[in-house]
Structures are given as C-alpha cells and as structure tokens.
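Encoded as structure tokens, the structure appears first; notes follow it.
By letter and in written order, the chains are A, B, C and D; residue numbering begins at 1 in each of them.
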Amino acid sequence: MIRIGIIGAGRIGKVHLESITYHVKNAVVVAVADPFMNEETERFIRSMGVEEVYKDYKEIINHKEIDAVLVCSSTDTHASISIEAIEAGKHVFCEKPVDHSLEKIQAVADALAAHPGCRFQVGFNRRFDHNFAAVRRAFDEGRIGQAHILKITSRDPEPPNPAYIKVSGGMFLDMTIHDFDMACFLTDSDVEEVYVQSAVLVDPAIGEQGDVDTAIITMKMANGALAVIDNSRRAAYGYDQRAELFGSKGMAATANDTLSTAVISDATGVTGEKPLFFFLERYMESFSEEMRQFVDACENGKDVPVGIHAGMQSVKIGLAARKSVEEHRPVKISELD
Amino acid sequence: MIRIGIIGAGRIGKVHLESITYHVKNAVVVAVADPFMNEETERFIRSMGVEEVYKDYKEIINHKEIDAVLVCSSTDTHASISIEAIEAGKHVFCEKPVDHSLEKIQAVADALAAHPGCRFQVGFNRRFDHNFAAVRRAFDEGRIGQAHILKITSRDPEPPNPAYIKVSGGMFLDMTIHDFDMACFLTDSDVEEVYVQSAVLVDPAIGEQGDVDTAIITMKMANGALAVIDNSRRAAYGYDQRAELFGSKGMAATANDTLSTAVISDATGVTGEKPLFFFLERYMESFSEEMRQFVDACENGKDVPVGIHAGMQSVKIGLAARKSVEEHRPVKISELD
Amino acid sequence: MIRIGIIGAGRIGKVHLESITYHVKNAVVVAVADPFMNEETERFIRSMGVEEVYKDYKEIINHKEIDAVLVCSSTDTHASISIEAIEAGKHVFCEKPVDHSLEKIQAVADALAAHPGCRFQVGFNRRFDHNFAAVRRAFDEGRIGQAHILKITSRDPEPPNPAYIKVSGGMFLDMTIHDFDMACFLTDSDVEEVYVQSAVLVDPAIGEQGDVDTAIITMKMANGALAVIDNSRRAAYGYDQRAELFGSKGMAATANDTLSTAVISDATGVTGEKPLFFFLERYMESFSEEMRQFVDACENGKDVPVGIHAGMQSVKIGLAARKSVEEHRPVKISELD
Amino acid sequence: MIRIGIIGAGRIGKVHLESITYHVKNAVVVAVADPFMNEETERFIRSMGVEEVYKDYKEIINHKEIDAVLVCSSTDTHASISIEAIEAGKHVFCEKPVDHSLEKIQAVADALAAHPGCRFQVGFNRRFDHNFAAVRRAFDEGRIGQAHILKITSRDPEPPNPAYIKVSGGMFLDMTIHDFDMACFLTDSDVEEVYVQSAVLVDPAIGEQGDVDTAIITMKMANGALAVIDNSRRAAYGYDQRAELFGSKGMAATANDTLSTAVISDATGVTGEKPLFFFLERYMESFSEEMRQFVDACENGKDVPVGIHAGMQSVKIGLAARKSVEEHRPVKISELD
C-alpha cells in the first residue's frame, strides 16, 4: 500500500485525489496540502476519506508516513517542491510542465541522479489515453512499419482567461506541451528541429498578451519521421484530440470520443455527437491509469513510464517553438543546449 | 446513507458490490450472504471493506441496520426472497428475471401493494446504457416523431454452457428478456403481440436441450409501432448490441462501443476494433448508474426507474415468444393473462 | 453489337436508353415505342441518337434489325409482350415484376422453355449495386461462413401517389419485391416461409387503398438462414437501403451512399450527408451494370445473371406476404404452388 | 455544340476523350493529334467515334471546324501550344502545370490579354471533386466561419518511375501542385508564404534524382488562415486524399471514397474497404465535370472556373516550396515576383 500526500488542491489535485480513492488499488491518500485551502475544498477532501488537511506543503514533505508526493501546485513551484520531496526520500509525481526553465528542470534531474531509488514521474497523462495508446501499440507491433508522418490535431473548446495566459508560459508551454510529448511518444523518438507558423485568429486579447491562439508546428524527429501539430484555442464543436501515424506499412488514426454512439438521421442530415467536452471528460480514465502505473512503479521498484527526460524534452521543444515564432525560422532543439 | 445487504455473491453480486464501493455515493454495503460462500469470494468481499459475510441470506433479511437488499441469488429464489425482504421492511433491488412464473411475479406485486413505502427495482441495467439512453432521449425530445419501427440487434460472443441453458428458462427468458425490456423502454410502450422465427444454427447441443440459438422476433407494440429483435448466441466478432428507432421524423441508431477509436489502414483494408467483449465490459457503467438511481429512489422516496410492471411484462413477452415457437403462430400477450 | 428496341418510354425506359447510350459498349438502341409517346419524350429519345420512334410496340416486335427487346411497359403487359418477343426470336429484358399472376409468369417460363436460345433477364437491378454485390462477394468468398441472419432495411423517401398504389399490386409486389429478390441473392437461397407484421403509419390514405405502408417481414430461407426486411414508405431522411448478412464466421454490413464524404462539425453536432435521394440516384450505376451483363449474355451466349426463376420466386414471396397479412399467420411459399 | 480537338493522346488525353464522348453534352471531339500515335491508340480514338487522327498537332491548331483545343501534350509544350491555339482563335483547356517557368506562364497570360474572347481553363480537376466541392460549399455558405486551419492529406499509392521524376519538375511541381491549388480553392485565398520540411523515406532512388518523397508543407494564406499539406509518394493502403477546413464556426472534413460501403466484422476486427486505387478511379467524375464547365464557358461565354491566375499561383507556390527546401527557411511567394 503506497501512502500518498498531495500538494496542491486545485482542479488537477482533486482529479488525482478522486482517482486514487476510487480507481487505484494499493494506494491511499493520507494528506492534502494547499496554501489556499478553503472550506469547500476541505469538505471535498474529507469526503474522500482523507483525515489530514494542511495549508503548508512542508507538512507533507516532512510526513513520516508518506511514501509518495503528488506535486500539483502552481508551475513555478513544481521544481523546488519536487527537489525537496526527492531529498526527503519520497517518490514524486510531478504535474506538467516540470518548469519553464531548463536550468530548474536540470536541477530536478540532478537531485534524481543523487537519489537513484526515487521514482519520479511527469504528468503526461495522454500517454495513457486508450486511443493514443492504441496507435503506439500498433506502431510497436510493427503494423505501421517505419514512421514517416505523424499528425496531431489538438484544439481546445475555449481559450483560458487572459490572466491565466500571462502566467501559463504561452500556448506552447501550456497547451502544446502535451502534443510535443505525444509526438515523442507516438514515434518513440526525440525531436530534432521545430518550425512554427502561428497566428492570432481566435481572440485579439490573446495577441495582446504576446501569445498566439492558432498554430501549425512542423517537426523533424530524430528517427527521421516528420511530424505536424495543429492547435487552436477554440473549436466551436468542442475538444478535438486526434492523432494519425503514417508509415511504410500503413496508418493508425484515431477519432474523438463521444458520450454515445447514437446517430440521428432526419431531414437536416445524419448527425452524431460532438467530442467529449474537455480534458476532464476525455482523459479521465488516463488520469487513473497514469496513477496506477506510478503506484506500481513505487511499490514494485519498476521504472516509471514517463520520466524526467520526457519532462525536459517537452519544455525544450516548447522553448524552441517560441524561438521559431520570434525569429521566424526553423530552430534545432540542440540550439537550446 | 443507504446501508445495503447483498444476497448472492456470484458474478452479478460481485459487480454490484464493486460498483457500489467505487462508483455510488450515499451507499455502503454492510453485509453479503451466499450459501456457496468460499474463501476466495470472502477475500474479495472483505477487500471491498465489507465486514459481515454470511452463508444464510436470513442474516440479511433480519439485519436491523440494513435499508436495502440486492437479490442476486439464483432465479428460482428471486421472488420468495424479494417477498421476505419486502415484508421485513427493506427496499429491494431484484435481478432479472423476477421469476419464470407469472404467478410468483404477481405474488411479489401483491407484496409491494401491501408495502407502498418499499422501493422495488428490477435489474434491467441496459436502460442506463449511454447509447440506448441517447436513443430514448432523442425519442422523448420529439426528434424521432411517432415511433414506426424499432430494430434491436443482440448477439452474444459465445453461448453459455449447456448445463446453464437447462436452468436458464431458454434463450427468451435468459438473454432476449433484456431485449424485450429494451423494446418497451425505447418505444415507451408495452408489447401487444409477438411472433418468433427461430433456429438452431450455432450449436446442435443447444437444440438438444430443447432451446434455440438464433431468432428473429417480431412484435406489435401497444402504441402501434412495429419492433424486431434479432438474436444469436454466437457472433464471431464479439458482443453485438445495437438499436435503431425509426419514426415519422427521423431515426436514431447506435453502434457498438469499442476499446478505442483507432483505425488501422494497411494493404489489407481499413480496420477498426471489435465491439467490447461481453456484457461486463459493455455495460459496466450502466450497472453503476442503475444502482445510483436505486439508491437515490430509496434515499429520497422517488419512484424507481424500473418497477415490477417491467419485470412482469418482460417475462410475459418471453413466455409468449416460447409459445410462438411451439405453436408456430403470432401470440398475443393478452393470451397469458 | 446488339441492336435493342425499347418498349415503354416512361421513367425506367428512359433510364435504360440513356444508360445504353452512354455506359454500355456493344449495344445500340435502334427504336423506342410507347403508346403515350409525346413530343417531349420523342425529343429526348432523338437526342440519344435513336431514329425510330413508334407508338405501337409491334413495330419493335416485328423489327428485322432488332436483337433484343426491353420490356418497360406497364406491369400488366410485361408477360404478354415478353412472350410475343420471345416468339419473335428476340432476347428479352423484362422489368420487374414479370407479372402479379403466377400463371402468367409460368406462361413466360413455358415460352422460354420452347425457345432455349432466348436470353431472358428480369430487371432486379439491385443485384448489381456495388454495396450489395460486396456483401454477396464476401459471402461467396467464405468470409461470413454459413448464413444465419440476413437483415434488409428498405425505406422510401416518400410514398407513391394513391392512384399508383391501386395499380401497383400493393407494397409487397411493388416495393418489397426488390427486397425479396435481395434476400434470395444475398443468402444464395430460395425462401421457404414468410410472416408479415404490418401497419399503416405513414398515411391513412394508403390504408384506404387496402395497402400497408410499414412492415416487418420475417422469412425462413431454404438453406436454414433467417431473414428480416423492414419497410417504410417514408423515411424523413431519404432513401434508406442497407443490408447486413450475419453468419458463423462474421458479418458484412453496408451503409447508405451519400453525395460526398464531407462531415461538418459545429456547435450543433457532427453532421454528414443524407442518403442519396431515391433509386435513380442510388442505383444509377446498377442500371448500367445489369444492362452490360444482359448485352454480354445476348452477344456471347452466356447465362443471364437474373432469370425467370428469380422473377417467379419474388412474386411468390410477395403473394405469400399478402396472404400472411390477410390471414395473420406464417405462410409457406409451397402453399402457392 | 462545341467541336473539340485534343492534342496529346496519353493517359489524360484519353480520359478527356472518353469523358467528352460519354459524359459531356454539347461537345464532340472532332480530331486527336499525337506525335507518338500508334495503332492501338488510334483504334481507341476511332472507337470513340473520332474520324480525324493526326501526328502533327498543327492539324488541330489550323483546323477550321474546331472551337476548342485540349492541350494534353508533355508539360514542356503546354505553354507554346496554348499560345498557338489562342492566337488561332481557339478556346483552350490546358493540363496542369501550365509550365515550370513563370516567364512562359506569363507569356500565356499575355496572349490571353490580347485575346479577351478566349476561354482558357487549367486542368485542376480536383476542384470538381464531390468531396472537396462540398467543403468549399460549406465554407461559402458560412458554416465554417472565418478560415483558421486547412489540412490537406495527399498521398499516392506508389511512386512514379525514376525516369519520370527527372522530367516531372520534382514532387512539388508534379504532385503537390494539385494540393497547392486545393489550398487556394478551399480557403478562397492566395498563398503568402510557404515552408517545407521534407525527407526521402520511401525510396532512396528518388533522393538520388534530387527529389523528395515525403513532405509537410506549411503555408500562410493571404486571408490569414494557416494551411498544411502532408505528402507521401507511397501509402501502403492506397490513394489517400482528404481535406479538413477548420474555422471560427466549425469544421468540414472529408474521408476517402471507397468502392463500396460494405464493412466486414469478424474475429480479426471490423474492416472496411481501402480508398479507391488512384486518381483515375477517385477523380473520374471530376474529369467529366471540369470538361462540362469548360464546354459551358466556351458555349455560353461564361468565365472559366479555373483560369490562368490559378495556373500561375500554383507554380509559384511549387517553386517557393523548392526554394524552401534548398534554403531551409520559410519563403514568401512575393520573393518569386
């Protein structure tokens, strides 16, 4: 039984709490800490059977009974809290991105090198999505052959509020970072070079924050494959999350998930359901699965499925993408070393 | 909080136990009883946090702390145990079919009439399936118009073993009974007449038991709609569960659920996944939902979504279907009164 | 080069004329006759390069240069004109149904027996439809295994006018007759027994003509398979033509054809195109293909793909279906012998 | 009635000949010329009812009875023959690309300016494809809103032979040129900038010719939309031709066409048909439709649907794409002016 402390009780912290309580065996949440803890949040936490609720995350770092820490706090604290937890002898599950600064991510990597027993997993939950996992499985089984072209479509149903955009690090480090990780996962390869063609088409307010809301991102993978991601901050029909891997022997492609398979035919056409609304609906099962595999890694000394290398890579690609926009040219990932 | 006792710890009893433990709020399983209780089953029950485990179901009937009883025992005991539970002042969730005998079902109905506070729900879980519920919703919203033709396809991935067939009451009372209930649910109407064309095409051993394994069942609904069910005990590609409601304004049709939306295109064709394997996979979420609604009915004094009328109707249709096979003619449901 | 005369210049006669002119090699239409020939029709016929236009069909029967006759006149004249043409030494393509009377069809069969060189084909064009042909091909290739259940959905976009219904012989002999032939074609078997559950749900005026507009027709095939057809005279979303053959090894199922594959996703849902409007749109290519095969049979002495047996069978099933409605019981086809 | 002369009796010349003969009203092919005319080709031409067959294309240019000339000769002769035909007072349908040289295309444009009565159409047949036309129609109807992202997938079933690649001008001017035109057509906009990430993944022999066989091409459209094309010279599952236009109000997306809608479900999965084999199968109807519209423009003095601007634009984009590969940077189309 792995005893878990959660730091950060925002949306994703609550998702993990509920997920562990209902869907993960061999794990129990012992304590939750959040500096902005309020009554409603505390009530929710207690309804999940958690008895210890704190404001100070140090209560969790220093907790004798806790085996693993979930770092679900704000992005700027991910790296430092992770390092504290690693040094306190805890396993760590850190939400994405590990940080916006490569130096800070390197500091986490260094801490891990000094604590080889520590299981450190990054929260790239989409690797555990049933659809994307099926594409990777087809690739692993050799049904696609050598990877030639990867296409990822990733569009949100609505943009975040402008205040969030300011602190988010911009679309590439906040939203596309998942797609960068998917590109690496689905082709089983690192990225070598990135080029971005982007625009502000959804909301001028996003442009005023210095960010973009629409982009096509081309990448050259280390294994020779080409990859392309298309992003929009607002798809009128909902959360659009698809991938297509094309190779020498064939192609695997996914469609969106829907609430039901029902299709209605009437005088206006043949109409099916829109995609599931947003990431909580679409990826709910993947949050449970990433946690099950993290708990399994902690309990049985296995390798984590998404380690610090993935955490570092995705941020490097994100920074290279920003540079590509600024300098309007293809940027090699190695330029960031 | 509704305190539940489960009678019968076979496959479906375990499904409900796990479902209530993980997916139903405001309910807790207090005790489980099964005459064939063994160590493995007991271990499973205890792992769900249940402390009281019995062989004798009377321990549950007489339990002072229990509000509601789940009758998951063998079919021939459903009616008598239900009556005992009703008379002991419990709410009752009874698995389908309530019984094979209309007299015994009537006895349950009589007991309910004498205990108007009792919530009695029949386990027709498919009413809570996301796909079928979407068809009914479209119908309720008037998008289909007046119902003209209902088509249900219901095919199992493999036949039960011959020993089970003997006690099951035959395909119509065991397997098709769900489809009979679906026909009533999706058209919001009772059945008036039934005609069966059937055959033994899957396995001669089934015919030797006096049963059939393939059937097309035509029904005239009380609201004037026509309905057809096609059944097979073995679909090579897995569990095939579809419905299509056609009316004056349009049609709602469902497809099977699959593990993922991934489609692989290669030199051999464009291939998607097979349907989810069997009822535990396909209908898992519906088992949770029927229990949530039962608990809600018990706790808040609401009407149950599937009452004794549905339990009686479905068996009447099943018996009429058997009669149609024997006498090779359309049979009115009223002939069974 | 086969020289063709067409008798009857109504809708289907024009379809064959255009089809032969543009899509059939080795055939030329030499003459067209129609008792109601008018200027507009004549102009159309001449625009197809046909020089001989008559009112009297005898001009075609007695035409020295004509090898083959297309009988596209009104149903009540099909049999007698066919016999005249056969006896005049012509090959004959006869529209469906050959007649409503089994005696008259038998008379055609007798004439054919006396003229063994005559190629006589019945206009069951759906056998040449790309979708249904693909189902039959899968069956022939053994991919379905032994046939267990055949399902045909056949729904018109709108009912014919009441005047037509009177002379049409009713829904079973006019509309369903195609589906009866499809049932035989797709299972490669004759029909043994038929049972109909029908209703008047689309338009009371149809009922006043003594006909029905909605039906579910169950059949037992000679090879042991079960089959079901569902018919409606009005589908709000258009012409619905699907088939599904289920067997011991798998299932082949078709969807409707559409004008394009374009799907529009917006705030209201994910919407594709409705089925092609009606039989002229959906089956256009099949009209060319049946004619190509007829011409090939005439020119090269091959067997026709749809002979008098199919013409007889389909009418027998239609008459049995009518009897089933009248007597409200399953009717064996052998009862009609 | 438009009298047509065809110059060039290769594959595409024959397609147009058959198309006009069978599917285009108000047009007749009077003569065909080809310097490599052989017996087999001549036989085919005569079987289409054409009486004049020449080796020298001048016979057509100087033909008194010919209204319109189809330039289906080798690419290097397109421009000069077009100019000769224009100056001889003929309407001209010119196969794509008009030329590889912008100067020569400009010379054609100059000739057209001097002959304002001349109808000059470029052979971008995909604009007349039912699927792509449906996307454009949805856009024109305002159902997509403002265009944000256009995605085109265009993959051939197999690469051309190396000898052809040498003279073809490379993948961008030979194959992608259709996709460049589609990008302009589907967004109703010119291209402003292009960036190419490409590779040789299909066949090293293609690389040895100095060409690429796999590419992702990003474009910025003049109307602000972003566009991406992915190309491969070999898709194992066949000819893959899809487009997806995403905008402020929704998305229109197409799937590939198939020979039938039949889907086979068996123990191995749920398998549909592969895309139609190659461009002759997939785009056959579009070849007829472009010709119908060309004939209509000639006969009724209407504007042609695809004029010299489209012919010029597509080649400019292709040349910019080549430059992007050579210089590994985004290239503005205006750099080519």
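Some points to look at:
One rule holds in what follows: a contact is a pair of C-beta atoms (placed from the backbone, for glycine too) under 8 Å apart; a residue touches a chain by one contact, two chains touch by 3 or more.
Remember, it's a predicted structure, so these values are computed and weren't measured experimentally.
The interface in A-C, A-D or A-B that matches B-C, meaning over half of the contact pairs are the same by residue number, belongs to A-D.
When the C-beta pairs in contact are tallied for A-D and for B-D, the bigger tally goes to A-D.
Our note on geometry: subunit B versus subunit D, Cα centroid distance of 58 Å, whole angstroms. In terms of their C-alpha centroids, the spacing between subunit C and subunit D amounts to 40 Å. Put simply, the C-alpha centre of subunit A and that of subunit D have 42 angstrom between them. Each of residues 235-237, 240, 249-251, 265-267, 273 in subunit B touches at least two other chains.
Contacts from subunit D toward subunit C in the complex involve residues 22-23, 130-131, 133-135, 138, 143-144, 249-257, 259-267, 273. Interface of subunit A with subunit C (complex): residues 235-237, 240, 265-274.
Of all residues in subunit D, only 145-146, 148-149, 151, 153, 155, 193, 195, 197-199, 201-202, 214-216, 218-220, 224-228, 230, 232, 234-237, 240, 246, 248-251, 328-330 touch subunit A in the complex they form.
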